[in-house]
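In what follows, chain A forms one complex with chain B and a second complex with chain C.
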Partner chain A sequence: MSSAEPTAPLPATQSPATLPAFSAPVVLKIGGIVLFVVGLVLWLLSFAAGSELAWSGWLIGSWYALGFPLFASFLLTINALASAGWGATLKRVPEAMTAFFPVAILPFAILAIGAMTSNLYDWSHHHDDGSLHAELIHHKEPWLNTTFWLVRMVVYFGLWTGFTWLMVRHSRKQDIDGDLKHTWAVRRLAAPFGIVFGLSVTFASIDYIKSIEPTWFSTMFGVYQFAGIMQAGFAMLILVLVALRNSGHLKEHVNENHYHTLGIWLISTSVFWAYIWFCQFMLIWYSNIPEETQHYFARWHGPWFWVSFLVNPLLNFAIPFLFLLPRPHKRNIKILSGVALVVLVGRFVDLWQFVAPRPKLVNHIPEPTLQPMETLLTAGPVIALVGLFIVILMIALERAPILARKDPFFEEGEHHHL
Partner chain B sequence: MAKPPVQLFCGVFGDEDDTLDATRACREAGLEFHDVYAPYAVHGLDRAMGLPFSKVTWVTFCCGALGTTIALSGMTYASWWDWPVNVGGKEALPFPAFVPITFELTVLIGGVCTMLGMFALCLLYPGKKARLLHKGQTDDKFVIALKKTEDFNEQKAREIFQRHHAEEIATRDPGYNAADEPATGGAA
Partner chain C sequence: MGAHVYSVMREPLVVGKKTLHEITQDVCQSIEGKPSLLWWLGFLTSGAIATAGVATMLYQMYVGVGTWGLNKTVGWGFDITNFVFWIGIGHAGTLISAVLFLFRQKWRTSINRSAEAMTLFAVLCALIYPTIHMGRPWIGPLWIAPYPNLRGPLWVNFRSPLLWDVFAISTYFTISLCFWYIGLVPDLATVRDRAKHWLRKVFYGTLSLGWNGSVRNWNHYEVAYMIFAGLSTPLVFSVHTIVSMDFATSVIPGWHTTIFPPYFVAGAIFSGFAMVLTLLLIARKTMRLEAYINEITMDNMAKIVLLTGSLVGLAYGTEFFVAWYSGSIYEGFAFINRATGPFAWSYWIMVSCNVISPQILWFKKLRRNPWVLFVMSIFVNIGMWFERFVIIVTSLHRDYLPSSWAYYTMTWVEYAELIGTFGIFFFMFFVFIRFLPGIAFGEVKGVNKYARHDSHGHAHAEVKHG
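Our next item is the complex of A and B:
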């Protein structure tokens, strides 16, 4: 097994078949498998605390892990559309991340079992008991019914897998022929995909996350999830690059200037997340309309307050903002990867405080049925599916040379400086 | 551009990367800069020149903090101290409602003062006459201006400029202003 990267352009006489394949560090593969098994065991244990809690955890984990390929597809899209050269030397990592789309169908198929067999979604086992709550859900049936929910799932995954498969295929073909037409092809795919991505992520976030509180209204929910997905995605990309660097890969071509750029992205997506998080809260707090405030009411009173309004903005905004503000910190790989780790925990907290409280109306007042400490096992599926994601990422990285040397932006990416 | 006390040895470049490399080489050779001029902000030029941390940052920070203070104290005074009004049953000091205004004033005052602070540090004011070392320095050319001090190594400087594809090398008197020169044919 060779971990050496080519240091000089390949001689012209070398045939495409001998392009050096990348062999992923074994430690990362094994680490991913260990995480997967440990997380799965934690998840099975959580069934002891009730199937509703266990399926909440599976929902958090599935959506959490799906965020990484979604982020990667969008990063490739905006880099292609903006002619961004800085990412050309590291683009094989986000490209490999998108390989998780077809695999992520599996956790979502398992989620569908949970949706149909447990109380995870109010609307999936709808009983018309004459209450106002039932009446409201009844009006949403044209959209929120199991059949259409499954059809939409197929459509989302079809679009995501299809578009990214085509984009990655063009990028890998360019490794062999170096033809500029592949760059244009990726761009032609990226423009419509930007629109497809915006709509599909909005609808998917409503379908999977927001519809656990089907009578709650928020017009900002799609962009709120988009912000979280991008923030956690950059954190994951940084950690993957650092892990590869520590095993001796991508040391020269991804240097402190590239980490600086990723650090700028991480701090700006953190600020964007905080902006959207606060906007959603403040507008609802201000107008004080019951169908909007019900979501925050259950979290504002009681122990969830500390999670939702203190730990969540601390991990997702205050720490990345303060630690990444100085220029040298963005160029320091230790500080940057530490902050990235905090942001990944913060992303779990953000989804956890949303999914796990499961508020129910008690005398017309929404009250959480589960308290924070009772629901920590919902982290199990997150650990499991992050492990699965890492294994799939490593397998996908081995499918192509780690450096896209014939990308027309490769040289610009090599000389990228800030 | 402040009037230099000594003659300047100027190299004119047409490329950003050449300028950056030449600037680094001049610094390593111990040549003293008057300044380096570029038509737009060039990443890393300040570090290549060895400039200290910009003072503008502190202007931004202090004025941003001033904006935060004005916003919070102003709103607290108006809506709580001076004339408390019940707005939709909210508490007298509704912090969430203060956040957007505090943010806006912080950014506004911080941003405007950054611009004013930059003008002050560059000695710029409306109607100031342009002082240029080369007509293209606000268009598409980069100028490295070195101080011709007594121990100035002209041979070395010329060699560095030529090695980095300088388009023009010239010595300029302290009072020289390219803006005064008549247009030399062409499309001008």
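Our next item is the complex of A and C:
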């Protein structure tokens, strides 16, 4: 490469010692801690309404926060495999997001306590009373049993942490030696990780979320969770970048063209989520097979209807779609971050309406045991774990220069324009 | 718009240093010179096969749909399999022209024209099957109007996905045709300007709609192109989503499953790219287009085949797992029967072609080898045809009532019609590459300087959109 070209505004030969060390904005760290504490208090308060509700909340929060490192690992993977140049200047943020994987083991370990001690998962304290319900759960025992569930958890987290740790390590080594071999190494890791990701997200979404209603099934479920994870992930990435920008970081290297690209991703993932959400519902509604309609039936009547079929698509589809359609809106940081905030609330609503109603069969009809207003405290763990995520993200960001200047795509990423 | 900076990781998209004139020359030679012997051979062979296919269809219309091997249990067979297969083939064209455009994938420029043409021909081939299945296709245009009969107005069922298909596919075809044609206009004007014979001048002059290459022209062109790309992108999804709903809205185990929409879309792109590879690897050799359809193009196409193939594999796995997980004995039976029943042969052809054969694409050397890719693309074509066959036939042949279980034996009419549509497809493609520029050279010129790390330093070519 003719690196001595006058068009290169930043010489790629700068040594890492002269690179400004990144110190994360204190306000974000403190903000994260405050959220964590407030959320935790809300969660503890929710125990007053019963342990089942409290553990539902913890499940929502754990899965919600796990979505961010999952998103980040997938973004790094596709950007590496597709040779995307635009992401090179901001890749330190998704890289730091993956540092949450080893930390997220903690909330999931706590979730395991809930799974074993409460009625969170029907299948974990299964007793055969001769009913069809019990018979169905018995059929699933080879998959849905506490031991195997825990084993799978260890395997998932092991794979996620291992792969992302190796990818990030190569990226940081490149800061020092600028060797292209690290870019190739990341690609070689990213390709198998794509398969690991596809399988693990499919099964993890069954294990943690779908098995809340163990007699219900849908082959689309893994894709549905994947869509939500990607959508909320882009929203979080946008907000983190804007927060860093507001404290004076990444102002030039992540400009309106990068926000435009992220805006395109946010609107596309929102449309994709709506596509998957609608198809899953429509096919089940149309065929009207009782084994499948049970899930939607419980949410079709009563107040949950408004949450599941109005607020959910409004926040996750209508608002991002309509607001981000015009080109100038995607380049406007205020509008973009406003929509991102809406999407993050939408992601909670999507999980909340899935986990919190806890339908039970009453005279063979699935009915929610809890109504929306009774379950608002399930937002507590989401707030707490988002706070924890932000603190870990800031700590991780400080462990490497904020700009990966020796990434072979860095210069191209700086000049990215749409 | 600033200057373009290319990473060292980028490779030039056009092999060798071509001048803009050479690019025009390379592409236009196939439509300006005398056609080669190879072209005549392909044209006449495919024409003959197409004729035989059409003759068989006329025979089937005269004698009746009873000439097919369908029976009461297996009411859908080759007809719908072929229909879904051809619709799927078309998807790669729209993906390349619209989705890859929105993703700013410049390597698409050398393949989008042929891929879009292929889309149109494939949709036309697909259209044949529902038409000839009607028995009395001459009243086909009245599909969506009251059907003539003695009992008063008989309207189509608007709640049926089969009818949604009519709307989805006709929209898709219309938009794809306009998109393709808009892209052709600047190139047609170049061909017009080069024409010597008055007939060519009139022919290409009419088609090029008075294009004069002004900034104003290009401005409108680029806006229109972007709008069509935006409109076509949801169509890539909607068409095969609705095709999948032909099955998924039913209550038949093996048909009704919620993953069908994205799974069918991924499968369609998978099969479409395989067909693009099959066609373009032939075109590249016979028309000397190695500089444009080069290692990078092949590598990228192979990666998309590997990606979509893996998505299809994930869907197969998910379906199988959930068939067990659901605890529904019917679901469970449908899938065990697929893998071990009387049609197990078709299931294992599908798995080996679709899941096992693309695994060779993990190796860069093989992704860039045209012979390896060609053979693999044929395997995927076969596998994806069998995928539809497996879904349709194995789910039907053993229904809820064991006394009605039946086997489906295809007749010569069905085989002849299937082979016949391949004839029609290739015939149209041969006509296309003879009369219209097979590569969007106007767009290729825009990426000619892409990633040239040569003695002039960074290439600062303004890469044109598209």
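List of remarks:
In this section, the second predicted complex is superposed on the first by the 399 of 418 C-alpha atoms of A that agree within 3 Å, B and C clash if a C-alpha of one lies under 4 Å from a C-alpha of the other, contacts with A are read in each partner's own complex, and residues count from 1 in each chain.
To be clear about the criterion, contacts are C-beta pairs under 8 Å (C-beta built on N, C-alpha and C of every residue); 3 or more make two chains touch, one makes a residue touch a chain.
Everything numeric here is computed off the predicted structure, so don't read it as measured data.
When both complexes are superposed on chain A, chain B and chain C occupy overlapping space and clash. Within the superposed three-chain model, A:G338 lies out of touch with both chain B and chain C [touch as defined at top]. Once the two complexes are overlaid on the shared chain, A:G50 sits clear of chain B and of chain C alike. Using the contact criterion defined above for the overlaid structures, shared-chain residue A:H417 touches chain B and also reaches chain C. In the superposition on chain A, contact of A:I289 is made with chain C only, not with chain B. Chain A has more of its residues touched by C than by the other of chain B and chain C.
By the touch criterion stated above, A:S83 is placed in contact with chain C alone, chain B being left untouched. Steric collision with chain B, judged by C-alpha atoms after aligning on chain A, is confined to one stretch of chain C among 201-209, 273-281, 309-317 or 345-353, namely 201-209. On chain A, the surface touched by chain B in one complex and the surface touched by chain C in the other have residues 286, 415, 417-418 in common. The part of chain C that touches chain A in the complex is made up of residues 1-10, 102, 104, 234, 237, 241, 245, 248-251, 256-262, 303, 307, 310-311, 314-315, 317-319, 322, 325-328, 362, 453, 457-458, 460. On chain A, the positions that touch chain B within their shared complex are 278, 281-282, 285-286, 288, 415, 417-418. Interface residues of chain B, counted against chain A in their complex, comprise 17, 43-44, 88-89, 96-97, 99-100.
Looking at the complex, you find that chain A touches chain C at residues 1-2, 5, 7-8, 81, 83, 85, 136, 139-140, 143, 180, 183, 191, 194-195, 198-199, 202, 206, 215, 217-223, 264, 271, 275-276, 279-280, 283-284, 286-287, 289, 291-292, 408-409, 411-412, 414-415, 417-418.
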